[in-house]
């Protein structure tokens, strides 16, 4: 009985969609457009997030050591850095290495530093940070803690750089929430509209079914199924368009900007998200249909 | 079968479509409902189908007060009633055959039986050759006959027909009336609203006359 | 007659919209959602463009001069820089100023440079660039031209920085074109759907009007007017929501990121764009209505 | 007024609604069109309103071949024809008054005159008290009378009525027929399709009988 019912719903839905071909195409394209923009948006957000994370990982924290630092103090500082969740990697730069770096960076100036023992370059630890380091005040407090340790002369990190990353992340996150919500709303409204259209164009049929005593599920079923099918079709179309857009974007970016945004690093949405979009499309179609058919209840 | 007591129906503020109307119809009876335009015939039939709720009064059909049914009970009740609407109410997107078969489908009748029975009823009303046409491709009288076929197909306990021969020529009208009588002879209660005095005379059953929502002759 | 006709259209349209309140609200909200997302998108694009321009202006080109440069050669270089459309501002940094800068930046190292006459810091011109400098090859050829001039020892500019800006600009521009096009399509489809809904729900009315010999303009007029009114309402609603969103964004960003993206620098769309959105909404409504009503012709 | 020569109308592959049908109606004549259900009466009237194109044949109305009109000419032509549809075709979103007035409005009649005339015609058909109701709030017979009022309101040169009394009681039907005769006496040509033999006998004008799309008695 349940199976027969489902067959009836699907059969009626397919017939309905086919009889209203023009409407169906219009609806599916509209749903696809809404989901496509949502998809583009998700992709851009994901890629920007990845970019911010990569840039964040390039950020460094330098801990300058006093010239009279003891080995035990140095080991203590190193342990403090290693133990902190913000720190990804720690590297010691000795006084000699610091001098070598200066000589490399300013070759004209090298002769000015004549005595290799009495030069003014301090030893330091250079720490590479995790990508989340730019968020919140944890870094600030880590720096303060390090500054208070014995043997530490100064702690520096690129505040402006991290703040920039923070702002971009904030902007992307904030814009993402708003635009995502509005787009989801728009997609749901679109489907509701589409199903209302279907219901409107067949309100006589519905009224008649009610008057001959058809069960509500018999009346609503095919419409809900139409909504689900349209949602699924729209989602599939949107994913196809998205894949195309991403491959086009790779091509274009490879040509236009061989710089910071590496074209091959542009990622599409993961497979799970694909399934989610299709299921989401069907859910939205189902919901829109139920919403539009609510008055029948 | 039908017991109506003190039934009133008020539309808006001052249009009394029915006013303190009472009537009894026995099980298996064949009753005509007549009266001038706007007398309240269609309103009475719509109330009997639970399409509208009365303002006051009791309506008992088959021992149950149909004004107090829950939505699900209304569905079950309607499946036992065959209704011919004044404006036909056929589903435009389904063929004649599908329109008639639909009434059987919702009863859960097996597929093969649905088809056999539908074909039989379409033959009764003389439309077997138009079975695959859509309602809008039919003449007014043909549409009316499809509506009649749908009302009769599931052998309901009660048949309500609103002006079922208004678009038919006198010969065909009489033929259709004979169909109703045939159904009636199997025990079905039949209530037919009509203006056609000649038809009533010809068929010769009890006739209840309404005027301005009140019982005039009955 | 024309005025009477217009009054009839508007009157019928208003009556129609009012009788179908629920549909009207749904339609207007859907149109508003589409236009709102488009508006958000335009705002973000405009602000990112502004940001890129501001960052571009921070980019510098340094022209290092030989120690034996003549006054005439120096003036020649300065003239070449001043005359170039990429250059916004030119500043001369003398040898003494270069030394002073070094002393300020590396106070520990200052004693190493004992002879103020024999120090290794060259004089230079520092040029600030216009915001379009990061686009194309013009900067490259300017640098090459300067390198070939007498008295110039070296020309340096931050290639990576400019390339990053270039990539961001490319990404924004490219994404803008795609998403903008799809959103415009979605908005048009939405309106078409909405008007189809109106037409569907009154197809009987339309057929009857045709059968009593009403002129086509009489039949279509009210529907087109409904489309226009809905478009105008939707656009107004979208602009209101956009203004709200922007002021919210200012508040949030001011709190979350006092860094690179200055909250007060977030600009809304210019007034002309507002008018354009409303007119565009009306045009899209009108177009959708005409499209939906096409079959009547 | 109307000259029809060798008119055929084929639906689908094999349904001949009309077959080699010819008929003449003089200016100012009153003619009944009759015949069994599915004979082709409505099809003929629809062709006369340019609602459908004939398969073959000539249809001259008022000296013009109406099968060759351009869309704009069809509009102008339709404004000179009053039509009563078998299924009424009232605009559900407009009141009775607006429905009737609409036919005047598209003629560009001044506002005050529109109202006066509309009110007058609604009085004729006995519906002045329902002027502000919507069509779905009316009984079948009342809707039919609104349709008749709309057809007559602009004093057309030709009135085509498809079963205009199918939903009316005999007394009202006769009254409405008298209305058609009154309109006819002012020079308007009237063509009425009906099944009601008694009505034809009562009114006593020329009757053309169709059967299976062919002229049976004319």
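Assorted remarks:
Order as written gives the chain letters A, B, C and D; numbering starts at 1 within each chain.
As a working rule, a residue touches a chain if its C-beta (ideal position, glycine included) is under 8 Å from a C-beta of that chain, and two chains touch if they have at least 3 such contacts.
Nothing here was measured: the structure is a model prediction, and the numbers come from that model.
Between chain B and chain C, the least number of touching-chain steps is 2. For chain B, the chain with the farthest CA centroid is C.
One simple way to say how far apart two chains are is to compare their mean CA positions; for chain A and chain B this gives 62 Å. Chain D has its Cα centroid 29 Å from the Cα centroid of chain B.
If you average the Cα atoms of chain A and of chain C, the two centres end up 22 Å apart.
The centroid of the Cα atoms in chain A and the matching centroid in chain D are 67 Å apart.
Shared contact sites, meaning residues of chain C that touch two or more other chains, are absent. Looking at chain B, one finds that none of its residues touch two or more other chains. If you draw each protein chain as a dot and join the dots that touch, you get one closed loop, with every dot joined to exactly two others. By the contact rule set out at the top, the touching chain pairs are A-B, A-C, B-D, C-D.
Residue ranges on chain A touching chain C, taken from their complex, read 23, 26-27, 29-30, 33-34, 36-37, 40-41, 44, 108-109, 112-113, 120, 160, 163-164, 166-168, 170-171, 174-175, 178-179, 182-183, 185-186, 189-190, 192-194, 196-197, 200-201, 245, 249, 252-253, 256-261. Those residues of chain D that touch chain C in the complex are listed here as 49, 51, 71, 74-79, 81, 83, 85, 89-94, 102-103, 105-106, 108, 150.
Against chain B, the residues of chain D that register as touching in their complex are 11-12, 34-38, 41-43, 86-87, 137, 139-142, 145, 162-163, 166-173, 195, 197-198. Put simply, chain A touches chain B in their complex at residues 16, 19, 202, 204-205, 207-209, 211-216, 218.
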